[in-house]
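Take a look at the structures listed below.
In the two complexes that follow, chain A is the common piece, with chain B as its partner first and chain C second.
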Partner chain A sequence: MVIRTYDQELEYIERLTDYSFRIKKGFQPNMKVEGVFYVNKHLEPLMFEELRNSCRSDGIGGFLPGMKQIANVAALDGIVGKSVGLPDIHSGYGFAIGNMAAFDMNNPLSIVSPGGVGFDINCGVRLLRTNLMEKDVKPVQEQLAQSLFDHIPVGVGSKGIIPMNARDLEEALEMGMDWSLREGYVWAEDKEHCEEYGRMLNADPSKVSLRAKKRGLPQLGTLGAGNHYAEIQVVDEIYDKWAASKMGIEETGQVCIMIHSGSRGFGHQVATDALVEMEKAMKRDKIETNDRQLACARIQSPEGQNYLKAMAAAANFAWVNRSSMTFLTRQAFAKQFNTTPDDLDMHVIYDVSHNIAKIENHVIDGKEMKLLVHRKGSTRAFPPHHPLIPVDYQLTGQPVLVGGTMGTCSYILTGTEKALSETFGSTCHGAGRALSRAKSRRNIDYMDILEQMKTKDIAIRVASPKLVMEEAPESYKNVTDVVDTCHKAGISKNCVKLRPIAVIKG
Partner chain B sequence: NPLIYCSLRNICSSPVLKCLPSESLEQKENVDKSKDRTEIIPVETSIRYLKSSSYNITYGSNPVWLPYRRNHKGLFPPHKTRKTCIRAGKISTGNPCPICRDEYLILHHQNIELLKQFISEHTGKMDSSNLKCHSEITLNTMDQDPGNNQSASLNQNNQEYECVFLIIGGGIAGISCAETIKLLAPHEKIIVISESDLVKSTFNIVHLGKYIQCFDIQEVDSKTFANNNLQIITDKLKKVVSKENVVETVDGIRVKYQFLCICTGAQPKLFQDNTANDNIFGIRDTESVQTFQNRIKKGKKFVLVGNGGIASEIAHEIRNIDIDWVIKDHHIASKFVDKGAAKFFNEHLMHNRNNEKTTTIIKRLTYEEDILTSHKKAGAALGPDWHKTIDLPENFQNNQKLKVFYGSEIKAVTKNSPADDYLITVELDNGKKLKTDFIVSATGVTPLVNFQFDTCIKTNSDGAIIVDEFMKTTIENIFAAGDVCEAGWTHSFLWHQMNLWTQAKQMGTMAGKSMVAAYKKEEIYPDFCFEMFTHVTKLFGFQVVLLGKFNGQGLNDGYDLLFRVTPDKEYIKFVLHKGRLVGAILIGETGLEETCENLILNQIDLTEFGDDILNPNIDIDDYFD
Partner chain C sequence: MLCLHFGNHILYENADLDHTADVQLHSWGDDLKEAFEQVGMAMFGYMTELDTVEIKEKHEIEAQSEDLDGLLFRFLDELLFLFSAEDFIIPKKLIITNFNTETFYIKCSCYGETFDLSKHPQGTEVKAITYSAMQIVQNPNPNQNQNKVDIFVIIDI
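After this line comes the complex of A and B, so read on.
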């Protein structure tokens, strides 16, 4: 790899519009296409600061700056159009989180990469609406938060709300939300408002390792997941009254519930298994990448196909997870307000996936092509009249749910025509954090005591301590900046802003 | 005709137990003696009455309700009965029901013979139509005690029980097992035989990752824990007759089971020496803690043996008596934390030394010691003893009465002459002699199998029952869980057995799962929690999470340790082996639990990240998302 100075690197970056930059070929070796990333004036310095830091040293260990990761993806076989970095981009395994890329299905050299999907396969967000107002919920929010996941194993007959034994799990992996529907945990309408109708048809549980299945089963008969969370939110501001009303959001103060979860341990195992297999396949098929983390396989190879089928099963698993949480949420609300979920109008507004690879048709240079679109930390955002979006949203465009980090705002956006032409119908997924260079500070006090633990075969290393002021706000990619950039760049349109009033961790 | 006998005895009805004498004495004098129901008849009297000849003369073999007819207009009796025939302590109706009329008939859950008379032959259920009065009270009484409900409805005597799932032991493992079965097979009969009235139940379960969970333990009265299909018998197991699927208890109760789970736990491993057996004891249950408390009140000095959780805590908490602490290893509490972590705690304590309000919570490593905690809480805080004991080995510390003898073991114990200040002398293997009052042995536990099997069961040299990954023993339909068993399957690279709450709960739950699976003939996978060691505890108010090979257990051929320490905030240790994360200790609010869990389970090569994997400026949880 050529080592260049920061100024030399900058020659490869060119401003396209007020809100986007282009990464020219040559920035990283073997780039097949160009890269592009979207930023506004707050996010722009963060991106360049990352690059500058990495020029001073060789990156931060194995952590490459976002721009380098975009360029490395652009060097993968079979990539078409460009490698896109969305405004919330931040460093991730293989692909940066917020990096999306599409590969030509008809090119035999095209690849699929688990790093382009992520570990938490089909991590995503679902939004439920209610006809309650903030004043109805505020006095009882504590009780609601408490009861939301309280009665998990209770009262669902002999069957668990989540697949509990081997056979249930196989079925759930194959059927996705259809499984939840069959078991009676969701409404038929919910499926309509889900990407892929909550079921990836190419899922094949037999391609999933036993270890992954075991990892997917619940622990000790509970949902047992650390980072499942739900937020009770209220509508703070409506930007597009017409589109919002199509989603059933009528006025500010209306209460919604956002559910954020994925396939967790199951997805991790599927991804890990695939990475191991693909490393072997890469040697066999002589695939070369700029970054070891970008392990990949030809789409048509057995490894590639196996991964796509297992990933689809993991995606189904995540939908079952979100459906179970939907069920619990409805139960909790119905119990609290002593009515039925129907009467509370607790419909699913939409369910989006953040970490997934899907086969879609896109028009590239006036020609329709079948593509494998990797979206990692990005959300599909299809424009009005697209055949893959539900009939209710045909006129508004697909709703895009963007969750902030805990305690900040969330947004509902809608897909645009421009997104389809510029970013394969994708937009941002949330907040992010820039990679910043730690000041080299070692805690000397500790070295001596830790040295004592050193024996012949054991090496001791000490990382920098966490600084008290380490959450420096300037390194943070605020969700508002992120959605505004997307709005200004035209790859999605702001519709509704939501503000959380209670957070429930699973 | 029973009615004639009835008049012969001139009897008049009974109060319900709850009826309290509330009216004044004058009023009482006016009441006709035959209608006065203020006197409370104990249920034992009632039970004897039902067996007596006077009862036999009155009712014969018929149920008490047979000759009774309700007064009502028209052909059909009104659906609702009156609530009670007794108002203000006397019979207030001309036609009282048999229960109210005969004061010796007491509805009580122990009065099985009486209750039986109200059970319908056809349904086997409580037949309230027979009871013409306050049927609700009766039903409530019967529901109060499921055991008798069950025994009555099955028409058995007290000594024979039958169930699908039988669990021996009311500790964490046994109760987790029972709870799992209750969840998975809610309609099947479960019996738990526990030696104590209190059972241990977990609550406040917090998931820190998918597999990492912390929980608190409380003792609950077995009666509150029991319900319709779950019965708790307080008794001790004597014998298992596996050929007949029956167990016998010390009190002679026989229980027939379909699936049996043994969760009898363990007892402290005692240093054995015949000359001084009275002066050696271990700490395991409430009783031994009381003994210990009595001894430390009287004694001047004791020798503490062992380096596990209990020993560390005794050393830290007991300050009013001299302790000679004999440990095999080269630093204390080596079972859980390393020197670095000890230093971290030390700094935290130094930092907060002047702040008296700081709560230093020590959470038990074994729950049995709860009484000790509450007792000691009032006394001296454990304070900075912790670090002093580490920093100054083999020195008598002036103000601290604790002396640590590293790398040594007890060789012999001799009794002193009565004239001596101390009762016994302990000789260490390095030749040192210690005079002491008694020895507290906390060198771990041995499995407790204090009953007989009719067939040979496979055990290890310590007597632990060997189980496979489904918690099955070598005898069919018998399972075991918790400290009593040894994990006899091929362990995952990242898991090892330790006698901890966490594992008792995991094993208990797994046993429950596989018993239900065996009953329903379902296929299950061994639980994933046995893929990686996890344990969460609290030390000095910090949450401590131990994952995988957190002390590099079994990695002789070299490994790397990577630390991130922020004083007073967090202490993170990663154990890296061949570039892969194999274990971690996380102290404080690190937020890394789930990430570590995934990194350890995934076994991704982290070589290229180097030290930066713990760079605080990188959200690795996001990176591996």
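After this line comes the complex of A and C, so read on.
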């Protein structure tokens, strides 16, 4: 490995626009394409600071800076276009979180990487609307928060309350939200407003280990811990009135519910199993990568195919999981307001996947290509008229749901043509960590955080209050900077800003 | 990066290694066996407060791999599974009864009880064990500032 000084490293980084930088070939060995990343003037120093620190360190520590990780991904076999870093990028396992990359399906050397999807397969965000206004909810804010907390199992060691046996699980893995619909947990129109209609057709539960199924079974319909949450939010600002109205959002003060969760222990085990399998396949097929954490396999190899089928099953698990919590949320609201979810107009606005790999067609240099698009901590952002988005959003572009952090705002954006041409139709997914968990623990007191929530008049229910400082807003990049960068760079368009009035966390 | 240090069950954080992702476990001991047992307990220490756990039952786990790093990975993955699936065991004590460093095999007795939300405070969830920056450092003749064995593992949370 070449050791360069910070100044030498900077020669490979070039400003492209006010909101983006190019990473030239040579920054890391064997780069097949260039890298690009999006930042504004607030996020920019964070990216460069990370690189500067890595030049100083003596190689201790597990993770490379985001820029290096983007470049290592650019060196993987079969990558096309460029390796893209979104504004919420922070370094992760192999791929950075907030990194997307696409691989040519027709190139026999192309790879699929579980690290490019993440441990929490099909982690995503779902947004429900209601016809309630802030003034309807405020008087019962605490009761409603408690009710949601009582209905939705949260935190480590909690178990799902939706009755499930091993056979139900097999069916759910294969059918995704069609299973939820058959069992009566969701409405038919919910499916319309999910990516892939809530079901990946290539899911094959027989490619999933018994271990993953055993971890998954008790956890179906649970929120999880860490950065996962359910929030009651109110519409704070509407930037695009017309697009918002297509989503059923009419005015500020309207109440929505956001659910951020994934495929739980099931997906984590699918990813773990695949990483172990792929280490062997890499030796056999002589696949070389810059970073040992970038475990991958040729898409066409048995390991690659098995992973894609197991990943699809995990994706289905995640949709069933979010659907089960949708059911519980509707129950909690209906009980509180002594009415039905139907009368509360509790429709799913949209459901996005921000840890996933999908086969999509994209036009590269005027030629249509079939690609395997990895989005890790990145949300699909397809423009108006794209065939893969539901009829209700054909004119607005796909809704993009960006969750903030505890007590901060969340956003609805819409997809753009520019995203399709620049980033394979991808944009940011959230705030992205800025501080380590250790630093958060050292510098922030959990009582202060709970006090802060109180001051902002946010009801909060947490399973492990002593860990809330790890998820404190101070530990994250500013989500407003993140979505503004995407808006200014044109890879998504601001539509609605939401602010939380109740937070439920693990 | 948050580091949980588990020597003689002392838990504290290390300021040297800071990273935005995940948690690093650091354990040590007089031999591999002790350091392995301790790193297992470090992981469980992140999930709940171990003082609240009682020894009520015993479960055996086995792990096998092709090298020592692989064995550490498999060992922790087995322990995570013990907690995450049916019987949902949170151990208070681990005793490795068989540690073969030639065939890379471990048999371990786990003493604890079923995780109970009404009894055990919720810490956080461990998603997965990783090979990232995994280190097993052995000093047969350590000076007074060194341990005989140190283990570093990053877990994804």
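Basically, the second predicted complex is superposed on the first by the 435 of 506 C-alpha atoms of A that agree within 3 Å, B and C clash if a C-alpha of one lies under 4 Å from a C-alpha of the other, contacts with A are read in each partner's own complex, and residues count from 1 in each chain.
Everything below uses one rule, namely that a contact is a pair of C-beta atoms (placed from the backbone, for glycine too) under 8 Å apart; a residue touches a chain by one contact, two chains touch by 3 or more.
If you're wondering where the values come from, they're calculated on a predicted model, not measured in any experiment.
A.B. asks: After superposition on the shared chain, which partner residues are touched by A:His90: those of chain B (first), chain C (second), both, or neither?
C.D. replies: Touch partners of A:His90: chain B and chain C.
A.B. asks: Tell me the contact category for A:Arg215 with respect to chain B and chain C: first, second, both or neither.
C.D. replies: In the superposed model, A:Arg215 contacts both chain B and chain C.
A.B. asks: Going by the touch definition up top, name the partner, chain B or chain C, that contacts more of chain A.
C.D. replies: After superposition, B is the partner touching more of chain A.
A.B. asks: Could you tell me if A:Arg461 is touching chain B, chain C, both of them or neither one (first, second, both, neither)?
C.D. replies: The first partner, chain B, only.
A.B. asks: Between chain B (first) and chain C (second), which does A:Cys123 come into contact with in this model arrangement: first, second, both, or neither?
C.D. replies: After superposition on chain A, A:Cys123 lies in contact with chain B alone.
A.B. asks: Determine where on chain A the residues touched by chain B overlap those touched by chain C, and list them.
C.D. replies: In the superposed arrangement, which is not itself an observed complex, chain A uses residues 60-63, 90-93, 97, 119-120, 158, 211, 214-215, 217, 219, 224-226, 265, 268-269, 271-272, 275, 292-293, 433, 435-438, 463-464, 466-467, 470, 506 for both chain B and chain C.
A.B. asks: Write out the stretch or stretches of chain B touching chain A in their complex.
C.D. replies: Within the complex, chain B contacts chain A at residues 176, 180, 183-186, 205, 207-213, 338-340, 343, 505-506, 509, 513, 517, 522-529, 531, 552, 556-567, 569-570, 593-594, 597-598, 601-604, 608-619, 622-625.
A.B. asks: Considering the complex alone, what residue numbers of chain A touch chain B?
C.D. replies: 60-63, 90-93, 97, 118-120, 123, 153, 158, 164-167, 210-211, 213-215, 217, 219-222, 224-227, 264-265, 268-269, 271-272, 275, 292-293, 355, 377, 433, 435-438, 443, 445-446, 449-450, 452-453, 457-468, 470, 475, 506
A.B. asks: Per the contact definition, I'd like the list of chain C residues that touch chain A in the complex.
C.D. replies: Within the complex, chain C contacts chain A at residues 1-3, 13-24, 47-48, 73, 77, 81, 83-86, 88, 90, 115, 117, 120-125, 127-133, 154, 156-157.
A.B. asks: In the complex of these two chains, what residues of chain A are touching chain C?
C.D. replies: 60-63, 90-93, 97, 119-120, 155-158, 211, 214-215, 217-219, 224-226, 265, 268-269, 271-272, 275-276, 292-293, 433-439, 441-442, 463-464, 466-467, 470, 506
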